[in-house]
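All chains are identified by letter, namely A, B, C and D, in their written order; residue positions are counted from 1 within each chain.
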Amino acid sequence: MAPLDVLIEDLVAANRILATENVVDAFGHVSVRHPENASRYLMSRAKAPDLVGRDDIMEFTLEGDPVEARGRKPYRERFIHGALYEARPDVQSVIHNHSRSVISFGVTGEKLRPVVHSCATIGEEVPVWDAQDTFGDTDLLISDMSMGRDFARVVGGGTCALMRGHGCSVVGTSIREAVYTAIYLEVNAELQWKASRFGKVKFLTPGEIEKINSRLGQAKSGEGYDRSWEYWCGRAGITLSKSSARMGF
Amino acid sequence: MAPLDVLIEDLVAANRILATENVVDAFGHVSVRHPENASRYLMSRAKAPDLVGRDDIMEFTLEGDPVEARGRKPYRERFIHGALYEARPDVQSVIHNHSRSVISFGVTGEKLRPVVHSCATIGEEVPVWDAQDTFGDTDLLISDMSMGRDFARVVGGGTCALMRGHGCSVVGTSIREAVYTAIYLEVNAELQWKASRFGKVKFLTPGEIEKINSRLGQAKSGEGYDRSWEYWCGRAGITLSKSSARMGF
Amino acid sequence: MAPLDVLIEDLVAANRILATENVVDAFGHVSVRHPENASRYLMSRAKAPDLVGRDDIMEFTLEGDPVEARGRKPYRERFIHGALYEARPDVQSVIHNHSRSVISFGVTGEKLRPVVHSCATIGEEVPVWDAQDTFGDTDLLISDMSMGRDFARVVGGGTCALMRGHGCSVVGTSIREAVYTAIYLEVNAELQWKASRFGKVKFLTPGEIEKINSRLGQAKSGEGYDRSWEYWCGRAGITLSKSSARMGF
Amino acid sequence: MAPLDVLIEDLVAANRILATENVVDAFGHVSVRHPENASRYLMSRAKAPDLVGRDDIMEFTLEGDPVEARGRKPYRERFIHGALYEARPDVQSVIHNHSRSVISFGVTGEKLRPVVHSCATIGEEVPVWDAQDTFGDTDLLISDMSMGRDFARVVGGGTCALMRGHGCSVVGTSIREAVYTAIYLEVNAELQWKASRFGKVKFLTPGEIEKINSRLGQAKSGEGYDRSWEYWCGRAGITLSKSSARMGF
């Protein structure tokens, strides 16, 4: 398979995995930057992620215009993706979702911080974006580039940000890294919520976070994100092609 | 298929979806107003929703009399449905259930209010009906039209109301809208319950609620309720006929 | 099928249902009084309920002696069952389990009381038995008739009791009623635990409890416990024989 | 089958069981001491436990060196296992995991203690190891023998210990006992967390713990850990060979 085909295979798998792990339900989406054209990205047409197939994958400009729509309707909130690819040349994949445990932290001011080593990729503290601050009463969806860019500003150089009354978005240097962070962001929110019953939580220290992420950044093929990817594929009933397994996108 | 057949197909699917999404268990029911006779509605005979098939669907007058029983026993609480269709000409579908997270709000006085955009259809604040207020000690079931009408008064012009020590009921302008609101009412209750651990919750503002519901009201076929319907059908193992998918009831 | 065969079929089904609904795990057991000999009861040999088949069903005297062991090892805690059949001629079925949500109420002194109408069969307040009170330090199992009788005294004329640091036991006038109460005892514990976050809970009144249980007591075949039984059989993948469905044991 | 083959069959089954019961996810591992050479242990290569097969099982020295790697990459944290086998001649199996409910107790100082009889094998109070105390900022993984030995010191003569910001580890005198304790350690954490809402919890007394563990220690084949093992195999879809079932490793 050509590299683009392998990447699309991973993108379809990511949709299924995020649904199986309850990160997305009928809503939410995942994209990948085009491997041959950095000013384009690939994402499904508007569809529940669990149902996405290869033919649903569309190509978009960073402004959110479909390159070849062929009657397929895009997600209304695709501007989250374009604005993040525009602001962050290092970002190769973006996920937007409304998973259950992150919501509490977006609507209360409670700071979301890493509780265990496997969640260190979320960073020291997850910022919160509130559409009210700049745009007043809206339908809360990021439905144009000005909102997308305002949100990207809050994500800054980090890996994720919460959206008040809405959900969160996550970026990664690969599909597998973004999927990892999206799943463990939700896990961390649940763990922190549970631990908070017993009073003051000892979070990871900045030094620990840095050491964990440094190790993950040096992982070889088959390590780190690849081990969890293989596990999640198994749970989602996905058999990856040999080329996808080998190339480790 | 004739429109009535398509509608019954959706009603059977709604039963299965509500069971799969844990909105109903052995108990709970969903109805739809008759498309050709506004003073009639369609609902299964007394049976766990997950087991309902086409032959279980009965026709009722708004007073709750079966048009053609053929030995089938109706739900005891069908008066919830008739009273709501009677009071609300705009309502085309009614759901009654006892899902787990809504119960807390019916028995404590804590106000149930929308936490995230996907739950905006529940309205600014969900009212609570207590059978004790008018009827004193009962078996808590709405088992005649006087109780049904008293409950419909509390629902008012809204989309749902809680029933103290019992559950809740939801209305919609279509089966798909009612199913959407019933599922996200339960989701919102769970989200609000979790967020409440961290103190004061910032709920959706009236302006945000209005903008979200206005957008949903303008959704075209395949958008809004249709996307989640397709997703829930997938999870429930339902393959809709082409006509049902096309007509978007 | 002979009545005894139908009853055994229901007993095997009850084992599977209780496992599917997470009332029992590897541990826990359900019995039924012998339909032709009130001083005998039927129960599986020591085995995880989910794995129980017809050949595992043994007959016991009320003292807990196997009538025909054929090498099968009985549950160590069978004395719970015998003592309850001995003390309560009205009881036809007994269940013992350690389901997750009831535990909190056995170890903290918080009173377990019915929150919603479907849980009214647990009674106004569930009593707690603590082996420490009479027997001091034990392994907490009810492993002889003196412990069983002490526990039966705490159950009194009710339908269930908690066991501190251990679990609970439930009785019914039929297998279906006992299964219903065991499942909804766990549901109620979960609902009350959740509702307790919001302060004072309005429980069912004594008058409501009485009216609900009176209605259930008058239910005809196919109503009340039979509707939920059919639902739980479906979830557990059980197809009942026609005679079992008809006889409504 | 030879005893070693039967043991490997149980080790593969343990991997699957721990995944099915949500004790491990993509991460976590289980090992067994070599039955013919007490200075060696057997464990899968680095792989999600749910996917482990016979060919993944490697042999290690207590120092963590693979005896015959054949290109297979070992778990980075294998030193947990070697250090515990080194310190504790009685230990035959070790499990390391990050299950969800134990985390709260490792990061808050809340003491984890047994709430119900089925969890008595965790001991009177579970100790907590914090890598910070001796090693300062690390990536939190136990990645050499000096960390492993420091952790083994905290486990002491007990059956388990928590690791702050990381997870926990469990030991047993057999695979089945270690699996039992790992699963019920997670169960107890969940039960204690829930019960804590209602104030002071009455934990098992030292006398009760001792009596329960004494009984488990005297269990014959088919009792105690064997009953739950059979149940968990059923849930994980595992059919044990006759020799494995008979030998009761």
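Everything that follows uses one rule, which is that contacts are C-beta pairs under 8 Å (C-beta built on N, C-alpha and C of every residue); 3 or more make two chains touch, one makes a residue touch a chain.
Note that the structure is a prediction, hence the values are computed from the model and not measured.
Look at the contact of chain B with chain C and you find different residues on each copy: under half of the numbers used there are shared. Copies chain C and chain D of the same sequence differ in orientation by 90 degrees, per CA superposition (steps of 5).
Among the remaining chains, the Cα-based centre furthest from that of chain A is the centre of C. Mean C-alpha position of chain A lies 33 Å from that of chain B. Taking each chain's centre as the mean of its C-alpha atoms, chain B lies 46 Å from chain D.
Multi-chain contact residues of chain D, defined as those touching 2 or more other chains: 197. Applying the touch criterion to all chain pairs gives A-B, A-D, B-C, C-D.
Contact residues of chain A toward chain D in the complex are 115-118, 187, 190-191, 194-195, 197-205, 207-208, 210-212, 214-215, 222-223, 227-228, 230-232, 234-235.
Contact residues on chain A toward chain B in their complex (touch as defined above): 25-27, 46-48, 50-51, 73, 98, 100-101, 103-105, 107-110, 132, 136-141, 164-167, 193, 196-197.
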